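I am attaching a structure below and will ask some questions about it afterwards.
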Amino acid sequence: MKYVIRALLYLVLVAPLALFIVYSFTEGWFFPAPFPSEWTTTTFQRAMDDPRTLGGMWQGFVIAVIVSLLSLILAFPAARALGLRQFRGRQIAWLVLFLPTVVPPLAIGMGLNILFLRVGLAGTIMGVSLAHLISTLPYTVFTLSSAFARYDENYEHQALALGASPAQIFFNITLRMMTPSLVVATLFAFLVSWSQYLLTLLIGGGKIITLPVLLFTAASGGNPSTIAIKSLLFILPPALVIAFTARELNRHGNDIREQY
Amino acid sequence: MLKDFSLSINDGEMVTLLGPSGSGKSTVLKLIAGIEQLDNGDIRFDGESILQTEPNKRGAVLMFQKSYLFPFLNVEENIGFGLKMQGVAPSVIQGEVKRMLSLIGLPGIEKRKVGQLSGGEGQRVALARALVTQPKLLMLDEPLSSLDTSVRMNLQAAIRDIQRELGITTIFVTHDLSEAMAMSDRMAILLDGEVTAYDKPETLFHRPPCVRSAKFVGVDLFLEGEASGGWLDAADVGRVRLNDESKVGRSVFAIRPEHIRIQKEETENSLAGVVQSCLFRGEALEVQVRLGELTTRVRLPMPAPMFAHGENVFVQLPAEYLFEVAA
Amino acid sequence: MKYVIRALLYLVLVAPLALFIVYSFTEGWFFPAPFPSEWTTTTFQRAMDDPRTLGGMWQGFVIAVIVSLLSLILAFPAARALGLRQFRGRQIAWLVLFLPTVVPPLAIGMGLNILFLRVGLAGTIMGVSLAHLISTLPYTVFTLSSAFARYDENYEHQALALGASPAQIFFNITLRMMTPSLVVATLFAFLVSWSQYLLTLLIGGGKIITLPVLLFTAASGGNPSTIAIKSLLFILPPALVIAFTARELNRHGNDIREQY
Amino acid sequence: MLKDFSLSINDGEMVTLLGPSGSGKSTVLKLIAGIEQLDNGDIRFDGESILQTEPNKRGAVLMFQKSYLFPFLNVEENIGFGLKMQGVAPSVIQGEVKRMLSLIGLPGIEKRKVGQLSGGEGQRVALARALVTQPKLLMLDEPLSSLDTSVRMNLQAAIRDIQRELGITTIFVTHDLSEAMAMSDRMAILLDGEVTAYDKPETLFHRPPCVRSAKFVGVDLFLEGEASGGWLDAADVGRVRLNDESKVGRSVFAIRPEHIRIQKEETENSLAGVVQSCLFRGEALEVQVRLGELTTRVRLPMPAPMFAHGENVFVQLPAEYLFEVAA
């Protein structure tokens, strides 16, 4: 029974990828035909020759890295306060943090766009990155703060009593204890930023083109092979990142399990 | 939390803070360690206030109920942590760790992972980690509370030995009377943030100074009344003979449950009572007796006869064991 | 200090709303002018007269209610298993559940559209609702499972030993204990569904028009008053729902606090 | 978890399962309650297997260390919960709740909120809630472990009284030897999923049948050797006189720490030893003495002189207190 479930899960994960691959390297596979009639790399070639494809991947990657870094730097102290301390206004802080996931990004994006146009951030990589923070921060803060809620400050108190300075404690104890959650939080931030479509479009104003933007344009066009190739390029990096961190996630399985 | 707290500890002494949960015992240790901040008052080491000293420079180490060994370090790295933070050379650290491991009776486990230690071993390693920095003050916050009885008793003796050998000034916090008595040169009873008694364990056990302290060390029977000419007129139960003939006026006398006797016939200082329950406690029989309005526990050394619920008996209070307590 | 923070938070929450209200009832308020020159209800009237506005709100509401119900029904058993049980493949289950928040809804939406076109669900309220489940389920499962992680089954064991049947236990104990989290989970599901733009557009295929869809169209148009009115209509229901449940959230403050 | 577990309990009897944490005590209760499933074996009430009976129809109620009172119900609704689930009329429930509250000594608190109860009151209410359904079997899983000592001792007596009064068959689980002895008609020692002894508390305390059980009830000194003609040749420490002259062959004898005496001069059955530590325990002095390869605890009744670390003494083992144990 367990194996059946496991097999089903892998099928769900792998099947779309396989389908995308097939569509990417074939032409003219239409509905009633059981197999594609022709295999070809021309569509793939064409997509890769289009400078917007690689450019979009590169810009998306740069933005995702900036966003991940900023998310961690901002989320860490906030998550520590939310996870460890009891203070008045804590619930309001949570509410504000979760508003972006609940209030439509569309409304936020339009407001931000007006603001960013004024300060010259609209259409820049920095502007788009800052906008992405709105979607990534809830995830990173949530992940880290649920780890902090289970974090026992007495480890730090021990180190303090043993003569460690605050900086020594931060690097030798706090960061070491939080490593698994930091990995998960970074993963979340990277992937959410990588997949952002709406905010990129609104703030980027046509100047910042990432893969999701290209994919949406292609989706309107309608050539299944083009869509499949861009989807493949789009899904591969997240899949690789997940695979890469899966070992880490598994190794710290217990920590992660406790976290949720 | 702490109300009227004042305690002075001599160099090399081991003092126990004994109190029920929520009495503020741990707060005292956290204030000294600098984990919590003092609202008003002072903490002095050798006459000098340490309030302005940074917590990590105070030389006061803390050990908790959980060992809090760093899970990502092995035994050697854990014990050496404090020295490493102070920039001591690795070769020196190695020697010190070795010395500490033999002191705590676990030589050769340097490379062991923290997760492979038993509860008792973990606490021994935590003790080594605390002692290796040669602190001025060692503070132990219920370090044995989560251990099984036999391990606990062994560690009590071990900690006491190590403390005596190193002559390190130590504060031990516990809620367990038996542990407190075994572990201390002097023992402070802490109730609701207040020190109600501070003396040698033998003295506090046999002659607690006030009713609250007496209750905490297991005294159950308090006779309140007018004393004169060697007699106490206790309103609740009747006249009782005292050893001290000079005592005059309103006063409270108490007696430990193991000094009370139960008998069938009336004699001097015997009070009529009814047995409420009778529980076997191994070395002793514990009998609850109702004396008019009062109820008291009596501990009879074994072998002793069982008493039935509702049985009429006389409870004898030997005059030499009655002692006065402040109300 | 606390009051300053609190005031700032309220400002952040209330200011956009006020701005939208001002824009809704004025005409010709352009940048350098400090105050709007003219107050009017004509734009508001016009927007309300447009049948698409009220129709969009109604359709969005119906979809959000269906989605909330389905989310709860599906999430409850899943969250219980994830929060309470230790089983092999638990991490994989989490991964699959979180994929939709990480893998772009764009890719999912296009895949679903192909599927729904085949089975006749595309362009229907049910189809859009099912698609929304992909975005709401992670939230509801997450909220409920973190409550279940702190849930003590011994309450149920007590009831069992006292002679309660499994059904009696479910209604008298489990649901009562989980009430605060169920409220929060429903709120999340409702709001996420209400704000969905991309999946509604893709699966609705122009037949299902909700407010976010109208808002995006208006945003392309560019009349600030029209945008403001639609934004207002869009943000008011979430604001009201949050205000309505705020009391509940506050009353169960401790439960909620423990939950995160 | 449970290896070789078999236990039969008489009607109306109170049996304690005593064992350290992780010995499988709670598992036994959960299996009976139907919360966990039995892999193989059987559980019978009055000779009939209950394995096929639905858990909520078994008539076996459970009480835990935490009271698990339903936080959204008041005291009355909590106690009446079981009856309400069985469809009993509200007026009948009201009467039963009143009766139960006076039984547990807390009359008139029907409308109290659960959060307003103290730890001890909470456990009393939980007991009332369990008893009101008139179960065939009452199972108590460390119900007093989180209470302060004095509350705990009062509740021990109260539970024992109520159990006797109602004559309800009861299984009590604890890791505390003193509590187990006070609470049981018979007591089973459970070590590593195995019942190593099952008898009356007095018998188990004074004459535990095997080494493992003996260690758990506080016996520390075991002499192993060849017995013949009323003597035991213990390899580690020397020859010791026995009361039983008929005993022949390899055997292990033990003695309780409170039956051992310490003296300055050599007499019959005295062994030379060195004092390791000496801890004050209130009613007794606890001395660790090394005897060659062995170390033993000795409990001397107070008043007793303190011994210094390293002092040479003789440990006397009275022949009448030496008893044989299975290895």
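Note that the chains take the letters A, B, C and D in the order they are written out, and that residue 1 is the start of every chain.
The definition used in the following text is that a contact is a pair of C-beta atoms (placed from the backbone, for glycine too) under 8 Å apart; a residue touches a chain by one contact, two chains touch by 3 or more.
This is a predicted model, so every value here is computed, not measured.
Student: Measuring centre to centre with CA averages, how many angstrom lie between chain B and chain D?
Tutor: Their C-alpha centroids are separated by 24 Å.
Student: Compute the distance, rounded to whole Å, between the mean C-alpha positions of chain C and chain D.
Tutor: 55
Student: In whole angstrom, what separates the CA-based centres of chain A and chain C?
Tutor: Going by mean C-alpha positions, chain A sits 20 Å from chain C.
Student: Going by the touch rule set out above, which residues of chain B reach two or more other chains?
Tutor: Not one residue of chain B touches more than one other chain, so the list is empty.
Student: Linking chains that touch, what shape results: line, ring, star, complete or other?
Tutor: Basically the chains close up into a ring.
Student: Please list, in label order, each pair of chains that touches.
Tutor: Final set of chain pairs in contact is A-B, A-C, B-D, C-D.
Student: For a test of understanding, state which residues of chain D touch chain C in their complex under the given definition.
Tutor: 30, 33-35, 55-57, 60-62, 64, 66, 68, 70-72, 81-82, 85-86, 129-130, 133, 135
Student: For chain C, which residues count as touching chain D in their complex?
Tutor: Within the complex, chain C touches chain D at residues 152, 154-155, 157-166, 168, 172-173, 176-177.
Student: Quick one: in the complex, what on chain D touches chain B?
Tutor: Within the complex, chain D contacts chain B at residues 20-21, 148-150, 153, 156-157, 160-161, 164, 175, 177-178, 181-183, 201-202, 205, 215, 217-218, 258, 276-277, 279-284, 286, 288, 297, 299, 301, 309.
Student: Can you check the complex and tell me which residues of chain A touch chain C?
Tutor: 2, 5-6, 9, 12-13, 16, 82, 86, 88-96, 99, 101-107, 110-111, 139, 142, 145-146, 149, 188, 191-192, 195, 197-198, 212, 215-216, 219, 227, 231, 234-235, 238, 242, 249-250, 253, 256-257, 260
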